[in-house]
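Listed below are the structures to be examined.
Heads up, the next two complexes both have chain A, just with different partners, chain B and then chain C.
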Partner chain A sequence: MSNKDIQRTVTVSIQRFNPDVDKKPYMQDYKIKMRPGMTILDALHEIKTHQDGTVTYRRSCRHGICGSCAMHINGRNTLACKTPIINEVEKDDRVTIGPLPYLPVIKDMVVDRTSFWEQYLRVKPWLIPPDNIPELEFRMSQEEVKALHDAEACIMCGACYSSCAVIGMNKKYLGPHALLKAFLRVLDPRDTAPSERLEIVSQADGVARCHTIFNCIDACPKGLNPTQAIETLRKLAQKRQKYEEAKRERQKHLNEPIPS
Partner chain B sequence: MQNSKVITHDVIVVGAGLAGTWAAMTAAENGVKDVAVLSKIHPLRSHSGAAQGGIAAVLNNVRPVAGTGPRGPLEQIPPGDDPVDSFDLHMFDTIKGSDWLGDQDAIEIMVKDAPGIVIQYEHMGCVFSRTPDGRIGQRRFGGHSAPRANFSADRTGHVLLHTIHEQALLRNVKFYSEWYVMDLIIEENIARGVVAINVLTGDIHVLRAKAVMFGTGGYGQAFKVTSNAYANTGDGVALAYNAGAPLMDMEFVQFHPTGLYRHGFLMTEACRGEGGYLINKDGDRFMSKYAPDKMELAPRDLVSRSEQTEINEGRGVMEDGQGIFLDMRHLGRAKILERLPEVRDLAIAFAHTDPIDEPVPIQPTAHYSMGGVPTTVNGEVLANANGDLITGFYAAGEVSCVSVHGANRLGTNSLLEASVFGRRAGYAIAEFIKGGAKLYPISGDPAKKNADYVTSLFNNDGDELVEDIVQDLKNTMTDKVGIFRNDEDLKSAMADIHRLQQRFKNIRIMDKSSRFNTNLSMTLEAKNLLTFSEVIVAGALNRKESRGAHSRTDYPKRDDENWMKHTMAHKDEDGRPQLSYKDVTLYWDRFPPQERKY
Partner chain C sequence: MYKSTGFISWLLRRISGVALVLYLFMHLWVIGAANSGVDTFNSRLDAVQTPLFKVLEVALLAAVVYHGLDGIRLLLIHYFDLTEYRKSMFWAVFILSAILTLIGGGAILLIMANGG
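And then the complex of A and B:
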């Protein structure tokens, strides 16, 4: 990036909508001067604090761990804080920003996540542990941690959810975020409810609804793989009894050291 | 916009990070059915989730490999072999880290509660990194004499936060997500409730409770370069102070040595715990000059001062010479991918540098607030230096000051503090409620008072933008109340803050709508920044010594005879901080003060 680029003035085109005063959404353009290292979130902050305080969006950590700032940027869902503006304005010196799709808009980029959180609750995200709790930690092997494929890293940002074409057509679909959470718990050797969980995700709006479109993988800012998690749940649901037996066997040894 | 419907709960918790959620969950588990948690952001967005390196506890799962020295590899301790760690050692490390300002009885409780609370997290389903035989993995950390940082890759705070939130949901704790608390009601030394804005609608409500608990976190946003989220604006400390509660040890602000250059984002201490080096312009591991024994794993205040000295003396890196290099190349690809994936991602995304191949530019970043609302070891808020309590008011986590960190906090002790004292506050609250706590009446009309204030802000057609005031404050705090302080700078900072408080009267809010008005909440947050910053400067000005993170070039030595005491600040009738002092609790026979060398 040359110094010429950094001083460039670009257009940030934002989808505005306040249901209290607007009949429908409309685009509003703002001009800003880019700074080295400026992200989309930085640009929004600059606009909000110096030009138009009514521009509204969620944000907190600024570095991709809290999940607040997922929004629609130049046609794809991603975190505003981790998107350098310089890459987005290559075409026509302009970037277009809007709210995550498929969720009702509260104001500008702030969307109503009620259904998103309801689906998260539906899969019972908490661990359901065995009755036999040891004095110290349960033993979980390094392989068992690896098998989770970092599902625990999910920040519930919603980028995957709002990229899913199935969600676009069927609001009752559990969604990649909830299914990734279900996968985390089903595969956790300490969880004693695989049958209940596999039952939940095998219902009408569960794993069967995934059409392996892969938009979720594209969108995930943490590099996670909800499709693979859903595929695993599908397979385990088909071999449910076998998996439950294997788990029960594993759980007999949950308090013993992992053999080398 | 004021809503006459008064909401009542037995317990109101403000803040849904680790401390607040533990308190709410524990109270709910111990017989309090009616617990509500208010959070200005969705609970899972709380800054507890940004913690990376680990949570400290003496578990004795891991030890250094014999004969490989203090930077050598670690291995799991075979069953039956001698432990390498102890409560006494964790206590001593914390006390020394605190530069002998930490209250040793509180520290003892924290280190003894630690193993139980980490095991409890694991039993609740936290995914930890593991030793080969399946135990919770531990790593080295700055200022700790044994590897006791229990970790989950470099996203420990994230997994703890998600786990505790799930457990709270399981216990039917009620969450008010995106409700901004703008006032705390304390009358006749009894906490009676809060006033909060339902951000979605703009309605202002009074919420009454028998007990109010603050888990509102820290205040790094007062500084220009900070690891802290936008949300960390010290609302809790400001509201408590405005309501008549004291603030303790506010002058102790921790600058974390490794914030990503220019952005300030946290690059966990674990980068150094796993073996990373700090290098100056000449390619030297300069920590050998400042902490020959612990090197890069000296406590944070020492490392930050060392970095700042190198920078001030012209040996910094990057175009402006304000950076230092963090070199992790020798850790190897496999270890970085397994143990430090999140920080690698940050370095690539924001510094265009892959730590596998290149050193990463970093600089000291405002990170943690040792000071806060003073409490007992059960989270009960003190009214004064004598130890009298404010009835029905509790606090835990970064907003509080117990004090377990004294003048400087060791890494991995904050996730621990928030969990331990959040849980203890929960037990104390449950006992208080079951013991017959009353719902006290609230005088006047606080909803109207606050609504009128908001209206006055909307109607204030001044010509100052709030952001300009905030940026000026950040510059003042960073330049004059930073790592190295002196009388002249501090007095100048105080004058700056008074001017900024005057300028604030002339602000103009651009968004006057009622629906999801973040322009308004950011303005209220800015006012809070000005409120507690004044207290920080007052404490720093008066403390004529250097201790822990408070380093004065005009008083470079620690002065135990005159200054081994906590600063307490009350708001006086003119709105200025009035200082008093409180003794430190010391076990003179076990941990007498020593010179602090690493």
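And then the complex of A and C:
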């Protein structure tokens, strides 16, 4: 950021909606002075603290790990806390911020995530461990870790879920977040119920409902790939008995060191 | 609304898919007359030889080409883990469909203009 940029005044256009007062959402503009290293979340703090205390949004950790501040910034879903404002105001000194699309708005940027969590619980996102729990640790090979494609890094922010056009039309769809979690558990060598999980995801509202629009990949602030996970689940769902047998065989050796 | 190349490809896929189903009824209406005698068949075939239907034929070509190529794109992504190339593959399909529609559509309209 150059010296000129420090003096730059930018317009933050925020979608406002208070269901108690407003009939429909409207845009409200705020002018703020940019500071070096300022993020969108910093800008929202600036507005809330100095200009309008009624601006409402969720936030917690402010360094991209809690997943609270996912919102719709300049037409795409991302985390407000890890988006530098300078990257968003390049064109006309203006940034547009709204709530996550396709979800009911509670107030301003705060959305109702009930369906998000309901679908998440449907895939049984917890680990179902084997009986032979090792004394020290489970051992995974490099290949097994690689096959997970960092899916464990998901922070459940909802950016992928509310970018999905299928979710916009059909709230019964499991959603990219739940399917990514199912993928993580199915490929986890410790998990003992891959067949059960694959049966859940291969129901009508599961993997078959994905229309490969790829918005989830574009939206994910962690750079994860839910579509690839869904494609993998589609393939595994067709041979789930065989897959479960192979996994049971693998689980007999969870205590042993990985052969190099 | 979340706009992206994926959304455009999905929208075009849906529209072309519905258009092809509607075309199928039209097609059955013409071809189905083969059992009702030569005159009926010829009269129905004549009904779809007007300039309007020639122009619609170009649209049909566009729908078939795009829908088919987009399907191939999705199959490739499904079998070969190509999600990384989703955008370039969409534009490749889009431009290839446009070129094929221009060539084929030009031919259809030229034949019509020459009284074929």
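Quick notes on this structure:
Keep in mind that, in the parts below, the second predicted complex is superposed on the first by the 259 of 260 C-alpha atoms of A that agree within 3 Å, B and C clash if a C-alpha of one lies under 4 Å from a C-alpha of the other, contacts with A are read in each partner's own complex, and residues count from 1 in each chain.
Everything below uses one rule, namely that contacts are C-beta pairs under 8 Å (C-beta built on N, C-alpha and C of every residue); 3 or more make two chains touch, one makes a residue touch a chain.
Only a predicted model underlies this, so the values are computations on that prediction, with no experimental measurement involved.
The superposed arrangement places chain B and chain C next to each other on chain A without a clash. In the superposed model, A:Gln119 makes contact with neither chain B nor chain C.
In the overlay built on the shared chain, the residue A:Asn74 is in contact with neither chain B nor chain C. By the touch criterion stated above, A:Thr212 is placed in contact with chain C alone, chain B being left untouched. With chain A as the corner point and C-alpha centres for all three chains, the angle toward chain B and chain C works out to 170 degrees, nearest 10.
In the superposition on chain A, A:Lys82 makes contact with chain B only, while chain C stays out of contact range. Here chain B and chain C are compared by how many residues of chain A each touches, and B touches more. Of the two partner chains placed around the shared chain by superposition, chain C is the only one that A:Arg234 touches, whereas chain B remains out of contact.
With both structures placed on the common chain, the touch criterion links A:Ser141 to chain B but leaves chain C unconnected. Nearest C-alpha atoms belonging to chain B and chain C sit 19 Å apart in the superposition, given in whole angstrom. Comparing the two complexes, no residue of chain A contacts chain B in one case and chain C in the other.
For chain B in complex with chain A, the touching residues are 41-42, 44-47, 49-50, 59, 79, 119, 122-125, 127-130, 132-136, 152-153, 155, 158-159, 162-163, 166-167, 169-170, 200, 229-231, 262-263, 265-266, 341-342, 345-346, 349-350, 465-467, 509-511, 513-519, 522. Within the complex, the chain A residues that touch chain C are 75-77, 101-102, 163-165, 168, 211-215, 217-219, 225, 227-228, 231, 234. Chain C contributes residues 1-7, 9-10, 74, 77-78, 81, 83, 86 to its touches with chain A in the complex. On the side of chain A, the complex with chain B involves touching residues 18-21, 37, 48-50, 52-54, 56-68, 82, 106-107, 110, 113, 121, 125-127, 129, 133, 135-142, 145, 148, 150, 152-153, 155-156, 184-185, 188, 190-191, 257-258, 260.
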